[in-house]
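Can you keep this structure in mind? I'll have questions shortly.
Labels A, B, C, D and E are assigned to the chains in the order they are written; within every chain, residues are numbered from 1.
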């Protein structure tokens, strides 16, 4: 039992890093630039489709990955130039409406281009094995690679946001664009670059998870809400918060899903516990968020403005 | 009986003690000025008095009622109102509506779901009067967000006046109000003197020394002196900490 | 009996209601394509000028109800065909059948409609939902498994599927768990499976969930444990899972490699036209078109005689790619069920393949409750 | 240095400026005077391109930059202390100073020497500063961009007399170092000690300009702005 | 005091401009069924009912979103309470619309009171997300409700009666009843918005600290508005259940909440009539574009983006530009 608990904890942490990888771009664009981009999920999906296409065309995951990057930059730049830059100064609701439109456009476009059947991305050979863990348990190498990638992205973001001029200017620009520009900073260009970076991060996440997750037209939407939950739980604008938020969500979800019913059985009769467990399990993440926000209304690391 | 009694009030932000054992007794009808260097804790003190900030220790009484635990709205209802140093108005409302809301609050009964508030003449008339007192009646129909800075400051004052408190806490009401107008402003406050008790924070020494009955000096969260304007003006400690030489020249 | 408004005109109007947007669109499209394939092959269904109206229910029941209303009240269709999902079926059954219009489900087969709420205007060319799960249960029972790990998503169909499995499987279980609907990552569940080392895993994970599970199952090195599933490893998910799914087992009423002339015509035609291997969704819709064709032809295009029309439908006089096909008293099919396995086909594509027959002329468990 | 000609501007339907003309030469200190709501801030904003001018021109160092993007104007050598401080609330004091800094003689150290208070509070978030501290920060932030012309819009509002005196001393020093200054402030008496010229704005028009001696000699202007 | 009279009449003029727009909408609604009948398309009456129900919900959301800056991303839950009130009461043999509405309102009021009280501790995006959380909890609760079909939902065998009369049996009856409810609720919301309470609510939206400083505790007003909005939305749910004759948790998924927000923003935030127009536009476009092309979502998306870029205040903004409705301020 203890073993399983530890293992589930580990799984939770791993899922957390995966979630953070997906949420990283959102942290940047939403948390720090203060732009609500519902299209973040579809960018993630586009990344997966891009790598699927390029990998299939070249027959290699790595070539697919390398080709995906410039394509992602292009997608980000176009999106920024055509739509997003007109939205920075607008209200959150306008951003919601416009990016909701973008979601519809992108999802439909993906459907037209790639069809509705899910696609497959081969796992790169170097990472395809799994290493033995305790007992009969094994751990896929590729997941370790994802964890490493997630940690690297997180660290990079953290340093960028908290210790570089770009990070300061982003935070400053999010609250007061005109003053920043009147002090001599080309805020439009800066936002364009950073939005594109966010888009690339989303695509990157999509590309990295493509070998283990289904590449289909719903993949963006299914993570969108979850990534928002992660960012909000951690506290908007905090990379550290998003990281811990992701871990927390994942651990609660994993461990709670498995052990919740077991613990419930301690306090009520098994049938009722099973029933209650089933009702509560899908709500866990939301209960977690509601509890955190009602105790800390600005998330774990959010600043009360 | 004093109007507002402050006993041993303290507040810390982390390691920083912003107000440190502050005690004050404000007499009915007086204008009590609080001066002190930037960051001394004046605004913090006002926020504690008005209930916007909680206190770590000490007590506040309005008349003979202990209000230490009351929320800001509850204190306002008992007659303790404030103005803000950094203008805080309703940007999307007209100047008149901003003030009318304050009048409405004073009258109570805002859980009225029917009737068109914009047509309540009594509200508007009272609001217009407060605007006139702040010299802003000619801008009644302008949205607050399109007022100039100085006009904002006047609106800030008009709102505070419209709540018709028994004790009014004014946080730098003159900041941003230009020369000639500042004089009318001071004259206005002079006229209001006696109608309510006022606690006045100002960095404009001309105004302070003209208006105040008594002056307290707050430095690093502590009151270092209280007295008549004359006494304070010539207090060497105050000169060194706050007034400097500028006042000598004046 | 009500004669629907469209019965008297001389066009045969058919409305297709499928989920054509969102991730399940892949299923809806297969069904639509299957139907259109038959319609195109036959030309004029039942010898009548045929008009087919395709609507997308977007996976939203209320919208589906409205679209169904639109089909019967505005477009005056003679038949409504569809949908994929049970909740959509529940939403459209009332608006369609209350006007006397015939509804043919080509996939969803909810238990209430098979039992107490069976309906003379409602037919299905698929199955009762529990049946595929029962196939797997029977197989597990036959293998003598005594320690099966059950895992399905936490919603009605998931619960039904565990119940269905246990209808025919009487052995012990290593765990019965419900995963979150739309779950991405199954590492936690896979860890439990690895820890319990069950005889087999039974699951029902439609769509993207299934793709994720299958990929991760093989990545976690669990391929040694038999993987029994329904609606998880099929022609709609195999293009994404590919080799990861090969060898996994499922229950079905048909597989594309069944050896009969009707099936050959269907599968070859489908591959030629759409470049993909058809799944059951396509096959069952294909049969719906054949069913309509046979029935309308029998009544000579006179759709106003409802009794004759229903009798003609009941006859089910067509060659189904799955072989034997007849209607039970609840208008659900009586058919054979098979154990199927995912394979890489000779043409390089992936598909399922019949491994053994599990049930012969199988009648669903709810037919008795139908008072019709 | 700065040459403003026939500037017209406004917000939405309402025109506020109706032709503003004045210039600031190298090393010169010029004030904008006028009652509340007369268009002083609007003038500054249109110089910086924050409000797009409808007519007229703004030349900086001889270059026509009318209605250019704000950052281009700032990069041409203008430093801005905006009205109402506009501190970045989510940055701490030091970050506020560093975020928009450009290299030059003003360094973090010099700012801290000028405002020791800021050094004490350097880890505080922008929105956790007293009003006066925010004002110091806004001035420091503008100086950190190392401009040739500093534009101060009510930069001493809310500052204690002692600090205000420090600011005047600082501006005088800046002037001695050859920097040009454009300043709006209600403490006109203090300005007369070192300002070279004054521009009086009324209802969006320049109604008077002159040197400090001329101002002191002109009774009605003096009456309005100097309360001696 | 000569300014005073001018001040007193100006807002009245602006309000009537907006009322006029609503009136035009309502007249069009009233004329639709006979027109549909004349065109031999009575079916549109059913679509119309659905639109009206969503219009009620969108308007209710606008009451808190537009006037109180409370962006509830869980409002579909109230739609759900309305629909399930019908289904559950019907299964107990209670078929009367009035009772069903009362039950829906009661349960919604309780839910709104509890979740609102917790949610209002937060602001902005945090508020959006915490309301989403509560909405999702309600959603999953109904999914697990096996007795009422769980995820599959239940079909309703008949429409509700109104005080014993079979008023809703015909599509026309249902349509006009829904329309009457919409108009009544519009008048109610309109009065609330213009009242003392409404002004306080809007003031809190603009600057809560200032409002506290003049003696209002924002919480009480916001919570009241939140509850009112939830209850009105539940009424929409009751009508929707009667229209679809089917009830399932799908009515209360977060997509629905999102769609309600889209309707409000599309129509024009803080205008009441705008969201009604928004609901009409969104649902009709879905209907028409859907008939035109399989890829209608592409066009719908483009439409939304263009709307935001070129008409920041939604449909209301478009009308104002065209001089049809007057801007209120």
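Note that a residue touches a chain if its C-beta (ideal position, glycine included) is under 8 Å from a C-beta of that chain, and two chains touch if they have at least 3 such contacts.
What you are looking at is a predicted structure, and each value in this text was computed from that prediction instead of being measured.
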Those chains that touch chain C and also touch chain A are E
Show me the overlap between the contact partners of chain C and those of chain E. A
Maximum distance between Cα centroids and chain E occurs for chain D
By the contact definition above, name the pair with the higher C-beta contact count: B-E or A-D. B-E
Per the centroid of Cα atoms for each chain, what is the distance between chain B and chain D, given in Å? 28
Would you kindly tell me how far, in whole Å, the mean C-alpha position of chain E lies from that of chain D? 50
With chain centres defined as C-alpha means, what is the inter-centre distance between chain B and chain C in Å? 74
In chain C, residues with contacts to at least two other chains: 21, 154, 181
Could you pull out the residues of chain E that touch at least 2 other chains? 143-144, 297
Which pairs of chains touch, using the document's own definition: A-C, A-D, A-E, B-D, B-E, C-E
Residue numbers on chain D that touch chain B, as the complex places them: 11, 14, 34-38, 41, 83-84, 117, 121, 128-133, 135-136, 154, 157-165, 186, 188-190, 224-227
List of chain A residues in touch with chain E within their complex: 36, 83, 86-87, 90, 92-94, 96-98, 100-109, 111-112, 225, 228-229, 232, 236, 275, 278-279, 282-283, 286-287, 289-290, 293-294, 297-299, 302
Spell out the residues on chain E that touch chain A in their complex, using ranges where they run on. 65, 71, 118-119, 121-126, 129-130, 132-134, 136-137, 140-141, 143-144, 254, 258, 261-262, 265-266, 269, 295, 297-298, 300-305, 307-309, 312
In their shared complex, chain B is touched by residues of chain E numbered 1, 3-4, 6-8, 10-12, 15, 191-192, 194-200, 202-203, 206-207, 209-217, 221, 224, 329
For chain D, which residues count as touching chain A in their complex? 48-50, 69-71, 73-75, 79-80, 82, 86, 88-91, 95-96, 98-100, 102, 125, 127, 141-142, 145
